[in-house]
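Quick one: the structure is below, and I'll ask about it shortly.
The first chain written gets the first letter, and so on, giving A, B and C; residue counts start at 1 in each chain.
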């Protein structure tokens, strides 16, 4: 089969900035100084003044823009095409969000400027809070956490503070074996021991196992719903009752909220505390790995413990309330990743309530459509109905010595970003595919065709797949040498990086 | 809806392929009792034009048009046009964490350059790909020191940003990490080294100081390092004003540098998103939190970059990871990278010198609270900081940060900042308002 | 393949006891499962180790594996060559790439361990 989506084009070589640098070049001009100059040695003490920034680059403006533009073309991006990383929700990032985040009065707002001059920024936050509460069905929300994992930490600290107030913080957090790695890492940082819970044969929470595991030592269960197989935890309400009966709480990792918005609300199925990933569900850009936003929504019982400060209405004005004796304190300086919050609100405003629900319907339709097209060619170890993502295994292909990682690399030759590889851990050789709602039928068809074609290649020419990608400017990289002898900064020629070829 | 690319006809074809009559049917396995049986109570979707208008209105209800002299961890520096030009490219904006190295060399290369430049600036051997911000970098650095020393205690200077200390307290409290504070010298505003000597002990994992400190004072890093190291503790040096690195000798005596890069072309944006860093010595590399990019070769022998030392991280080590941090702040770190490139070696120095000159011009007209050397921030004495700020607002000037909120003993003082963006005219106006407000008759510490 | 004079654990470590000193390593099966080993984390000389407790770890690019001590005792020597060249663990896991030497404090523990034949049938069954 021919590859329809892509063909090769020339990409520019580009050296590192330090190799492009030469003394005396400049890409800046400062305005004339309108005050007398100050002698640094006199003002700061000679011993405090540095001679130079050794090795720092010196390039012209033209070289600078070519440098970053050339490098940019070495990246794949949503703007090029489908980016079906399961659990990551790589959807289209509307550009108006970028524009409004740069609105002068918002982008240049100083966090310590008077509240009277910050009402616009506070209004944005208040409006986003209200929207997130309606979407989640929870009672209160903090926008302070900087990312999903940071939100998890905040959420578990809230549980801890609440249980402490009741007299016993307890010892353990239960985490299903299908969970994201951040869940156990978070529990450990919050001072809890982690107990892993095996999923049932169907790939969902095992009620009987949970019944055993939930003791007076358990502080909370951390659940992703739908779980990392893309399957809705149908017993979630009963799980919540079970936990509550034993005085424990239900934490929901909101990574997969894109499957739920407008259809069902965590607050209505017994969740006590959850985080949202604004960069997933609400389309603030991933930006090559951040910044994100990780608001934490809670039921009333946890509200007193939320981080300070809290937005509060005082007459006709918004104000920051710091007087909250039970608060866990701050989890970061200032009020949160405000610029990300602006983008998330812009996204919600653009969709409106009905639009958000329609986005969920399309996200789930896309995943089911791919499942239908790919099921004849790849093993589906957990065949329950899936929502926004579908997880296959490489069982069939590994018999020919081809693993999920190889298939992923071969997808690159077909013009797609790979799916999530080898996760969740409960699937042997997982191919975790999340198309999101912002893919059209043509892109989905081409993606399915590509995987079907690769499945055929696995039978006819497995080595072709195992040595992929073949068409990228960078072939498979030697991660082993990178880890054995780490070179994590540039050094002048003889000791470190060599000039690019 | 304009962000959903399918036509109704395509949707119908796809539903048919799935063997269902409507998308609703795909949710029929959800238990009825958890279904939301009403539409979300949110307004209908609006056009792009209305969205722009809405945020323009919000922006207007703000401080646009005012000249500000606030610093305190968030600084007004000019943002070169190239910064937004670069970060607006979809290849950077709409890509994910660079796990797939073959199609992520753009992001990986810029992160490698970022790590290298942070090392050059801080004098450290290794730097990670960025943290959420400076305030969260501090507890991460403290936890790192605890791992490296096998000790638990943390001593933090009161002259470290108060909100950073609050974040540290939140993390420390729930980890059972004993946390204590030591003071600053009442006249110089620098560290009270005697208090540090008194409080440090053999269980101290880390001593945390900031330079320039929260009062703007360039602090005694070497002396603090000497005391910390004598007792087997690590010294963590925090910075909030990255432009100071253009002129200040790097803290070579530090074991870990934890800082905030907001000054490098990152909009104040009401407090975020920013980008923090952690840099350290080679020997602590495996104790570092966060992503790291390393150099290697591809199978054709060409230089290539990839994420490395991932076994430290949560997706592999799970509950034994060095941190639960998942993302870095890649796009924000890229802003800083472009900023550092545009200014370069000479430019960052000149920029720092302009900041120095502006702040010293303003400080020269005001009564100073502390005598220690300062870069672009300083503490001025004023009887009624809030009253003074009100008077300034009438002249479209946002004054300094009244310190009583964080330091009860400094309620007759405010923290002021003058960067290269501070116009001389407004500095003169500020000084006039100051002189008419009068100097407090009483000094707290003298 | 698996030397007769070694004793083995189900966690894939081996120990060779000579004159009260146990030399400890990981098995060929373990290095194969891990793939390219990139880092080895070992205890310091003088550290006490307990049978069945972690004494360190070995890492590949995408996995970390604890090394559980097959015997109790005090570490008297550490194979520092592995920190410079962890790849030796892939090349010669039963020889040059031993991890630590331990002075045994409970020599009787050896009887809890597997013989070469038992270990081979154990990994055969595991597959």
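Simple rule for what comes next: a contact is a pair of C-beta atoms (placed from the backbone, for glycine too) under 8 Å apart; a residue touches a chain by one contact, two chains touch by 3 or more.
Remember, it's a predicted structure, so these values are computed and weren't measured experimentally.
K.L.:
Please work out which of A-C and A-B is bridged by more C-beta pairs in contact, and write that pair.
P.N.:
A-B
K.L.:
Can you name the chain whose C-alpha mean lies closest to the mean of all the C-alpha atoms?
P.N.:
That would be A.
K.L.:
Measuring centre to centre with C-alpha atoms, which chain is farthest from chain B?
P.N.:
Most distant chain from chain B: C.
K.L.:
In angstrom, rounded to a whole number, how far apart do the mean CA points of chain B and chain C lie?
P.N.:
44
K.L.:
Using mean C-alpha positions as chain centres, tell me how far chain A is from chain C in Å, no decimals.
P.N.:
Using C-alpha averages as centres, the distance is 38 Å.
K.L.:
With chain centres taken as the means of their Cα atoms, state the distance from chain A to chain B in Å.
P.N.:
The answer is 20 Å.
K.L.:
Could you list the positions in chain A whose residues touch two or more of the other chains?
P.N.:
Correct list: 479, 483.
K.L.:
Which chain C residues sit where two or more other chains touch them?
P.N.:
Residues 39, 59, 61.
K.L.:
Multi-chain contacts only, two chains or more: what residues does chain B have there?
P.N.:
Residues 310-311, 316-317, 320 of chain B touch two or more partner chains.
K.L.:
Give every residue of chain C touching chain B within the complex, in rising order.
P.N.:
Per the stated touch rule, the residues are 39, 59-64.
K.L.:
Within their complex, state which residues of chain C touch chain A.
P.N.:
Per the touch definition, chain C meets chain A at residues 36, 38-39, 59, 61, 86-87.
K.L.:
Which positions of chain B touch chain C when the two form their complex?
P.N.:
It is residues 286, 310-311, 316-317, 320 of chain B that touch chain C.
K.L.:
So in the complex, the part of chain A that touches chain C is made up of which residues?
P.N.:
479-480, 483-484
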